[in-house]
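For reference, the structures are reproduced in the following blocks.
One chain, chain A, links the two complexes that follow: it is found with chain B in the first and with chain C in the second.
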Partner chain A sequence: MDTAAVIENLKNYDGPELKLMEVCGTHTASIFKSGIRSMISPAIKLISGPGCPVCVTPAAYIDKCAGYAMKKDHILLTFGDMMKVPGTDGSLSDLKGRGASAELMYSPFEAVERAAAHPETMFVVAAVGFETTAPAYALAIEDAKVRGIKNLKFVTALKTVIPALSLICENQPDIDGFICPGHVSVIIGIRPYERLAAKYKKPFVIAGFEAEHILAVIYDIVRQTKKGEARAKNLYGNAVREQGNIKALDIIKKHFEEGPAMWRGLGIIDRSGLYLKNEGYFDGGSRGLDADIKLPGECRCKDVIVGRINPDECPMFSKGCRPDAPWGPCMVSGEGACGIWYRNRKA
Partner chain B sequence: MCIAIPGKVLSLEGNKAKVDFSGNTVTVNTGLVDPRPGQYVLVHAGCAIEVMEKEKAEELLDIFADLEELR
Partner chain C sequence: MKITMAHGGGGKDSADLMKNIFGKHFGNEILDKMEDAALVDPSLFCNTKKEGMGKIACSTDSFVVTPLEFPGGDIGKLCVCGTLNDLLMMGAQPLYITCGFIMEEGLETDLLERIVLSMAETAKEAGVKIIAGDTKVIEGSGGLYINTTGIGHVPSGREIGAANCKKGDKILLSGTLGEHHSCILSARMEIENGIRSDCAFLSDVANALLDADINVRTMRDVTRGGLATVLNEIAESSSCEMVIREKDIPLSAEVKGLTDILGLDPMYMANEGKMIAVIPEKEAERALASVKKTAHGKEAVIIGEVSESLPGSAADTAARVTLITPLGGTRVLDMLYGEGLPRIC
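And then the complex of A and B:
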């Protein structure tokens, strides 16, 4: 079956309304870019899930990073999107105006190099991410250890996707199937989704990032639902192996242990955080930072993240809340649902 | 932020590789994969996370360029 036939089929879908959740922010972006919603029947609803690790980072974590950035002889390094996430006292980028040293990095290896070159400065990495990014931090730490580098620290806020999906399945039983993230799955493989599919009796299908990939996955989920099937499948076979990346999984196990983690908007999810085992490079990260309830009053990130509402249903959307003046983290990140909807809204 | 971009391995040295991304050469950590020169790797945060089939990787380059625009 080619893409045209898939589209034809999805356009003419006339079964009961279906709600499919795309978990990954890059999928959300791709769905908008390629106009997939207009190619399929309105009875197939696509909703955006918890998508991006930056969007679910609690304000207390930003505050902790800001504390380092304000310290003498310290430089905080992080990925771009983190700079604009609001903390209690403004974002890292706001704080730069008040003397904070917060700079962009492209990879954790760059942090190791900078620490090696400037032993008088303490480099602090705000290490956010899902399973895709965790192994890179672990490799960087191994590199730093071998080289005897001491002026480097990791403040981690690393999270795993599967416990969040379980929570969504428990609380949102009306979601009929999941479009699973491609690059997280490169690391974790298909087994964790097989367990979810068996437990919650819903299809979980791994997708690549082209429109054709996503359409194929939607088609597969619709077909499974029609037939009453609930299987996990991998339709991103040129990148995702069934068993994931074993070396990456081993290095995650070697350096991290699981623990409860706070997801902005969702609350604390058991075993969804990865914390460095006690090594000199760890400062405790987001462990125990569970005081994050302070999303600004009207912000509905909580409902956006679990797909209960679309971003444009939030009363602040495009009014008080815009990418240049974000209220909630979902508006900040390049892969946050609110930001993507905003950039693609019809004027 | 879990985006990973495919690039072509030019050369290898220890656990590092020189990888070409449409004309830009970048040093990438290869601690998680065992690529050969000429193969494509999927790179995230300076780290190769998987080896890809050539044609598919090339096909993906366009869409990722498009997605960048949208950010």
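And then the complex of A and C:
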């Protein structure tokens, strides 16, 4: 079926109301960018899930990174969005004005190069991400080991998607199907979703990032629910292989081990974190974050992250909380549900 | 509050800073118009009021781009074109320019001379004289920052301003988006590609419209903050809403490839040689034909129109620009939030 026919079909959908969760922040962005919500029946609700690594990073982690950034002869390196996430004492960007050394990096390999060029400075990498970014950190560590670099640390807040999806399925039984992340699935393949589909009796369909890909996946989920099917499918076949990327999975296994992880808004989820194992001086101390600061009473990020409410249903949305003055983490990141909703809100 | 890089991004944070600190203390009837260039009445300098003298246009801009030289230009060409384009956008003929150099110790004089030569050549081509200058040296590591101020003349009777747009007016874009931003980003990330900055003096495009007697409502060069921010600023000044069509907005294949990979949005990317003009509907085809004959407007297109005039001056913060996506969906385009890419111009 071509895209025009898919749009026509979804526009005319007249079945019971359906709630579909797009797990990945890049999907949320693409859905807004292409105006998918305006093209399909209002009976098909798209809700934004926990798939932005910045959004689920707890303030306590920011505080830990800030501690390094304030230390003499230390430079903290991080991806752009992390600079704006509020910690207990402001964001890394705020702290820069108070003497913290926090700089943007484009890839972990840049950190290795900088550490090699400036042995007198300790470079600390804020290693945030999902399964997609973990292999790059692992390769950077291997590179640093070979070159005998010791002035480099990784503070990991790496997370895995499947345990969070299980938690959402347990707590949000009214979600009818899941649009599964493309990049993460390139690494983990389709098997983990098959287990979720069998256990929770819902469709889990992997999507690419073009509007056409996402529309095709929405169509497939709608079709499955009509027929009472609950299958895991891969509609991003040119990038995702069934078994995933075995090389990447191997290098993750070699350098990381699973452990409980703190998700902002969700609390601790068992076995959802990836921690460095036996990496000695490379380990910047990532374990043991078991508490998080309290967000302002009205902040509903935790409900947004699990799809219980849409961002504009939060009482702080666009009032106390905006992209230029964010409270909750979902407003901070370019891939966070609240930030995306704000930038695309109607006049 | 402390200044963060977001305050230099050209979006919401920059606008708030202008309003809350500079505007608060500097405010006057000329500055408060917040146009690309200020317009001053020259009859103030004469004993007798003379009709038909037009106005003096004045604009100032500082340039902090890294790297100092990039494919398609350098900070020298950029600092002349950027300031002169701001004069052009008010309908002015640029005449003079001044320059202030802040040099960090360690700056190579060979590099400095290349940049100065580039400024001289760009000014000569534009027909403007460099009439004053200043240098200062500070500690640092070989960096260079340049401030330029331009002076021009607006002929009598020319009324161009961001508050003039009306329902039905067409929006003309002079060419492809994203080249300068992509070029600087590629240089910083050491990505090799063929993308060159679009840095250019836009007199051919602006004059094509004015010489054809098009009743131009407003013109803007599409710099920091990108097309989305520029259109929102105009829509706010004119109390109107705008609709533009994504499929009509030209992008080069290389810029599209880069933005797809990096997740960037061309609607928010900076350009240094592109402008938009808002034109009455009846004159749009004639305007487009004139612009397409120019060197910097060959790929010009009409991308949309002013869809609605709003009653009064609704002072809310809601976005006023809607984008129709290629698949027929709609997307609200707001101003740029946050910093975009630092030190780009």
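The rule is simple: the second predicted complex is superposed on the first by the 340 of 347 C-alpha atoms of A that agree within 3 Å, B and C clash if a C-alpha of one lies under 4 Å from a C-alpha of the other, contacts with A are read in each partner's own complex, and residues count from 1 in each chain.
Note that a residue touches a chain if its C-beta (ideal position, glycine included) is under 8 Å from a C-beta of that chain, and two chains touch if they have at least 3 such contacts.
Worth saying up front: this structure is predicted, and the values here are computed from it rather than measured.
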Would you sort A:C24 into first (chain B), second (chain C), both or neither based on which partner it touches? first
Touching A:F32 in the superposition: chain B (first), chain C (second), both, neither? both
Counting only touches as set out at the top, which of chain B and chain C does A:V146 meet: first, second, both, neither? neither
Once chain A of both complexes is superposed, is A:D94 in touch with chain B (first), chain C (second), both, or neither? second
Have a look and say if chain B or chain C is in touch with more residues of chain A. B
Just checking: does A:R343 make contact with chain B only, chain C only, both, or neither of them? Give me first, second, both or neither. both
Go through the superposed model and pick first if A:A117 touches only chain B, second if only chain C, both, or neither. neither
Per the contact definition in the header, classify A:Y106: touching chain B only (first), chain C only (second), both, or neither. both
Per the contact definition in the header, classify A:T3: touching chain B only (first), chain C only (second), both, or neither. second
Touching chain B in one complex and chain C in the other: list those residues of chain A. 26, 29, 32-33, 106, 211, 334, 343-344
State the interface residues of chain B toward chain A in the complex, per the touch definition above. 1-4, 29, 31-33, 42, 44-47, 49-50, 52-53, 56-57, 59-60, 63-64, 66-67, 70-71
In the complex, the residues of chain A that touch chain B are 24-26, 29-30, 32-33, 52-54, 79, 81, 106-110, 128-130, 132-133, 135-136, 139-140, 142-143, 181, 183-184, 186-187, 208-211, 238-241, 245, 247-248, 251, 333-335, 340, 343-344
Considering the complex alone, what residue numbers of chain C touch chain A? 2-6, 12-13, 16, 189, 241, 263, 265, 316, 318-320, 323-332, 334, 337-338
Considering only the defined contacts, which chain A positions touch chain C in the complex? 3, 7, 26, 29, 32-39, 84, 93-94, 96-98, 106, 211-212, 215, 322-324, 334, 339, 342-347
